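What follows is chain A paired twice: with chain B in the first complex and chain C in the second.
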Partner chain A sequence: MLVDQPAIDAYARITGDFNPIHLDPVFAATTPMHGIIAHGTMSLGLIWQMIARNLGTPAAAARMTVRFVSPVRPGDRIVAGGAEACDGRHSIWVKNQKDEFVIHGHLEVGGQAERRKAAT
Partner chain B sequence: MNTLFYEDLEIGAVYRSGGRTVTDADNTFFCMMSGDWNPIHANEAYAKQTRFGGRVVAGIFGLTLILGAMNQWGVFEESAIAMLNIREWTFSKPILIGTTITVEMHIVGKRMTSAGKAGIVERRFDLVDENGELVQSGFSDMMIALRPGA
Partner chain C sequence: MIFDDIQPGANLGRMELNLDPQTVADWRRLFPAGAEDEDIRLIPVGFLAVIAMRAYTHACPIRPPGNIHGEQSYEIISLPEIGSRVVTDVLCTDKEVRRDRRWVTFGTMTRAALGHELLFNGVMKVAWSK
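Take a look at the complex of A and B:
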């Protein structure tokens, strides 16, 4: 996914998050991030799509922990991926065009059976 | 100006948003934005036959509602530096179209960064539906600016 300023602007509108660190290059330059950064959850959305495509949609009974390892800037290209670990958890990540981790974490989808039992 | 800097944050403080009904339009916009047209989000005839009984909005959409709530509060408008992580985020209940979500933010901890030039605030977020049931919850730490001139 190409993250450009129009995509960041659209994401601000859909989420209602108009923090100037995402939208105002002059303000953003004065912060410790030294320029505009994309919303972290935008990159997380890519993980969500990757999960939906590979595991179906774990809309309920999933648990996720991620770290935002480095910022995503306008013009970056990001890609999501993951792998099943031996403990049943899935490692999940997003990388940028320089093959650097942007997001790194894990997902547990073990609660499905329990959820079904609770619903009956 | 409602901006809160590191020094202003009190552990135990709770912020609560107004209710936000998740609409059909939200779902469609989110599918358009993400490109995720999984039939559970986009196909009512299919979704009706699943255990959810109707279209479910992408779980990640629920998480993004915290961003809008924070904007509504305005508390991190000029002080947010970076969201550092999302921890133990749990999707307890699906978000069906028509669900009304309220976001609660609990300030659960704060500390200085090792470099000492900014702070880190630990927050717990609860998304609650119109019946008071927990839909999603988890923790997210954010790097936050110190009060200018401090």
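Take a look at the complex of A and C:
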């Protein structure tokens, strides 16, 4: 996915999140991010697409936890991926064109999430 | 709302949202891949973020500019149908200062407006700028 300003603007309208760090280059330049960054949950949308494509829609008993570890900026190309981890969960991530993680976390679907919840 | 005014444990409010087909279509234009794998009666699973963010911005309308989303989790029980209405409660669950950064944690709980069955929970951790 190419993240450009029109896409960020569209995401702001859909979510109602008009934080100027996503929209106003003058303001964003004054922040510790030193420029516009995309909404974190916008990149997360790519993970959900990847999950739907590879595991089917996790319509029940899915648990996801992610950290937004690097900013995504206009002009970045991001890709989502994942793998089954040794504990049975799925590690999930989004990387940018420099192969840097921008999101990483894990996902449990169906019985995995149910069993772990019952055990806690 | 500045960091010092935030009270962990506070119920910040409730928002009812109509999952209108147009907004879902706008979302699918941004994320077209994967749509063929989804049940078209239901919202795309990524649309959960839209519900949670709309409820958060509604419940917490005056936020300092420059906040940054740090962590997010979701626990999904089921997905609502497009065209249905959902109700989301927003709570502030924690705040802390770590490594000179102010962090605020919010919880969201989304239920069907009709029947009130729980659909999904969310937890978002936000770096608060002021």
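Methods note: the second predicted complex is superposed on the first by the 109 of 120 C-alpha atoms of A that agree within 3 Å, B and C clash if a C-alpha of one lies under 4 Å from a C-alpha of the other, contacts with A are read in each partner's own complex, and residues count from 1 in each chain.
Basically, a residue touches a chain if its C-beta (ideal position, glycine included) is under 8 Å from a C-beta of that chain, and two chains touch if they have at least 3 such contacts.
Since the structure is predicted, the reported quantities are computational estimates derived from the model, not experimental observations.
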Return fit or clash for chain B versus chain C, each positioned on chain A through the superposition. clash
Just chain B (first), just chain C (second), both, or neither: which does A:33 touch? both
Check the residue A:16 against both partner chains and state whether it touches chain B (first), chain C (second), both, or neither. both
Does chain B (first) or chain C (second) touch A:68, or do both, or does neither? both
Does the superposition put A:41 against chain B (first), chain C (second), both, or neither? both
Overlap of the chain B and chain C interfaces on chain A comprises residues 10-11, 14-17, 19-21, 27, 31, 33, 37, 39-41, 44-45, 48-49, 52, 57-68, 71
Where on chain C is chain A touching in the complex? 23, 26-27, 29-31, 33-34, 37-39, 42, 44-46, 49-50, 52-54, 57-58, 63, 65-79, 129
Enumerate the contact residues on chain A facing chain C in the complex. 1, 7, 10-11, 13-17, 19-21, 27, 31, 33, 37, 39-42, 44-53, 56-68, 71, 113
Spell out the residues on chain B that touch chain A in their complex, using ranges where they run on. 29-30, 33-36, 38, 40-41, 51-52, 56, 58-60, 63-65, 67-68, 70-72, 76-78, 80-95, 117-118, 138, 143, 145
Footprint of chain B on chain A - complex, ascending: 10-11, 14-21, 27, 31-33, 37, 39-41, 44-45, 48-49, 52, 57-68, 71, 105, 116, 119
